[in-house]
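Two complexes follow with subunit A in common, the first pairing it with subunit B and the second with subunit C.
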Partner chain A sequence: MSENLTFRFNVEGDDFTSAGQASVQVKKNLRQLGLDSEIIRRVSIAMYEGEINMVIHAGGGTAEVNVCEDYIEIILEDHGPGIKDIEQAMQAGYSTAPDSIRSLGFGAGMGLPNMKKNSDTMTVESTVGVGTRIVMRIMYKEGCV
Partner chain B sequence: MTVSELVSASGFDVQCAPCPEKEISGVYIGDLLSWVMGKASQGDLWLTIMSNVNVVAVASLADVSAIVLTEGVVLGSDVISVANSKGINVITTNLSTYEAALKISGIIQ
Partner chain C sequence: MKISRMQELLDAKVLCCEENLGKHVYSAFGCDLMSDVLAYVTDQAVLLTGLVNPQVIRTALMMDMVCIVFVRSKVPSDEMLALAKENGIVMMSTNKTLYNTCGLLYSNGLVGTSEVTK
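The block that comes next holds the complex of A and B.
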């Protein structure tokens, strides 16, 4: 693969009936490319958590998935409220999700930890009042950064 | 053991079974979606009482073999049609989650 393959999605904010659609589509696309199922699973989980966070916490955003030679890259960008304390947000169990969202099963504060766990590299850039940009890479093989 | 074999042995009800031959590798129990995303393994039966449409996306992305709704919970027909289109098996039982887990344990060992 010399040419990178890119998938782009708009993620609607506050729409819980179609939430996760982009991730489900990416999973389908990656399956068609014949990628290893464990890699696909890690990409799916990492992307889903990021997608849902944009729906719940940021009023929507965009997702881009690049299929590269050695890794898959997921770029999530939103113009939501931003994250004041990233370190705190990354902690398992930390959540600001309102009760209405918790009743749907969200708000365990496990999304960002799941993204970290399922990706090989993850960077979170966020500015309060401006938005959040998260880049995750999932390597096909260990040691191919 | 496949999902359809489990259904026969357990007497649980089927709400939809687009992929009845999926292999069951284990069981995960939980209602918090990102716990399930982080902890369920590929092929697990997922026991839950959550019934909104988001369970279908989670089941699909986490590659569980079936959603098992306990305590008499069922999915609405709109959610079932999404499950069908995504290849997600949905099984229901009136048993409590604990009783359902015990029963499944006796069947799959």
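The block that comes next holds the complex of A and C.
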């Protein structure tokens, strides 16, 4: 595979019912490509958590998935409020989600740590008042970063 | 445990994907918090929940779960049914509570997802 395959999505921020649709589509596309199911699962979890975050914390954003030779790359970008203290946000259990989000089944502060757990590399860049950009890579095999 | 056996034990109504009742689940996870499902479910499992929204189905789909049981007689929307159907996820509804649902399945040999390690 020399040419990278790219999928792009707009993630709407005003409608929680549609949150997660891009991840469902990516999972479908990756299955069609016949990729290993464990890789697909890790990509699915990492992207879904990130997509839900963009909807509940940032008013939506964009998602890009690049299927490369050695890894799958997920790029999530939003123009939301940004994250003041990234280290704190990465802690399991830290959440600023309101009760209304909790009653929908989210807001336990597990998303970012789960994204880290399911990816081989993850970078979070965020500026308060500007937005957040998260890049995750999931390798097909260990050690080919 | 075979999904059909779960259906019998819970006296549950099958809502879609009847053709997959012969599939097996190897563990179960019961909660209304999708954050936890995403963080802890590890294998071909059944989700037992009283939460009803499209994210329940999407979460199950992301986790490769094969069956969802709605407790307390909750019923999913048409949109949820369509998504589950498209992906072969069996959905059932039981009038039992979450606690009793878990208890019945556990005492009949279906274990939970492994312990959480910090």
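FYI, the second predicted complex is superposed on the first by the 144 of 145 C-alpha atoms of A that agree within 3 Å, B and C clash if a C-alpha of one lies under 4 Å from a C-alpha of the other, contacts with A are read in each partner's own complex, and residues count from 1 in each chain.
Rule of thumb we're sticking to: contacts are C-beta pairs under 8 Å (C-beta built on N, C-alpha and C of every residue); 3 or more make two chains touch, one makes a residue touch a chain.
If you're wondering where the values come from, they're calculated on a predicted model, not measured in any experiment.
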Exercise for the section: Check the residue A:Phe9 against both partner chains and state whether it touches subunit B (first), subunit C (second), both, or neither. Expected result: neither
Handout entry: subunit B versus subunit C as contact partner of A:Ile45, first or second or both or neither
Key = both
Practice task
Determine, under the contact definition given at the top, whether A:Tyr71 touches first (subunit B), second (subunit C), both, or neither.
Solution key: neither
Handout entry: Touched partner set for A:Gly20, first subunit B, second subunit C, both or neither
Key = both
Exercise for the section: Could you list which residues of subunit A make contact with subunit B in one structure and with subunit C in the other? Expected result: 16-17, 19-21, 23-24, 27, 37, 41, 44-45, 48-49, 104-111, 113-114
Exercise for the section: Using the touch definition up top, name the residues of subunit A that touch subunit C in the complex. Expected result: 16-21, 23-24, 27, 37, 41, 44-45, 48-49, 52, 102, 104-111, 113-114
Exercise for the section: Within their complex, state which residues of subunit C touch subunit A. Expected result: 32-36, 38-39, 51, 53-56, 58-59, 61-64, 79, 83
Practice task
Show which residues of subunit B lie in contact with subunit A when the two form their complex.
Solution key: 31-35, 37-38, 42, 50, 52-55, 57-58, 60-63, 86
Exercise for the section: Under the touch definition given earlier, write down the residues of subunit A that touch subunit B in their complex. Expected result: 16-17, 19-21, 23-24, 27, 37, 41, 44-45, 48-49, 104-111, 113-114, 117
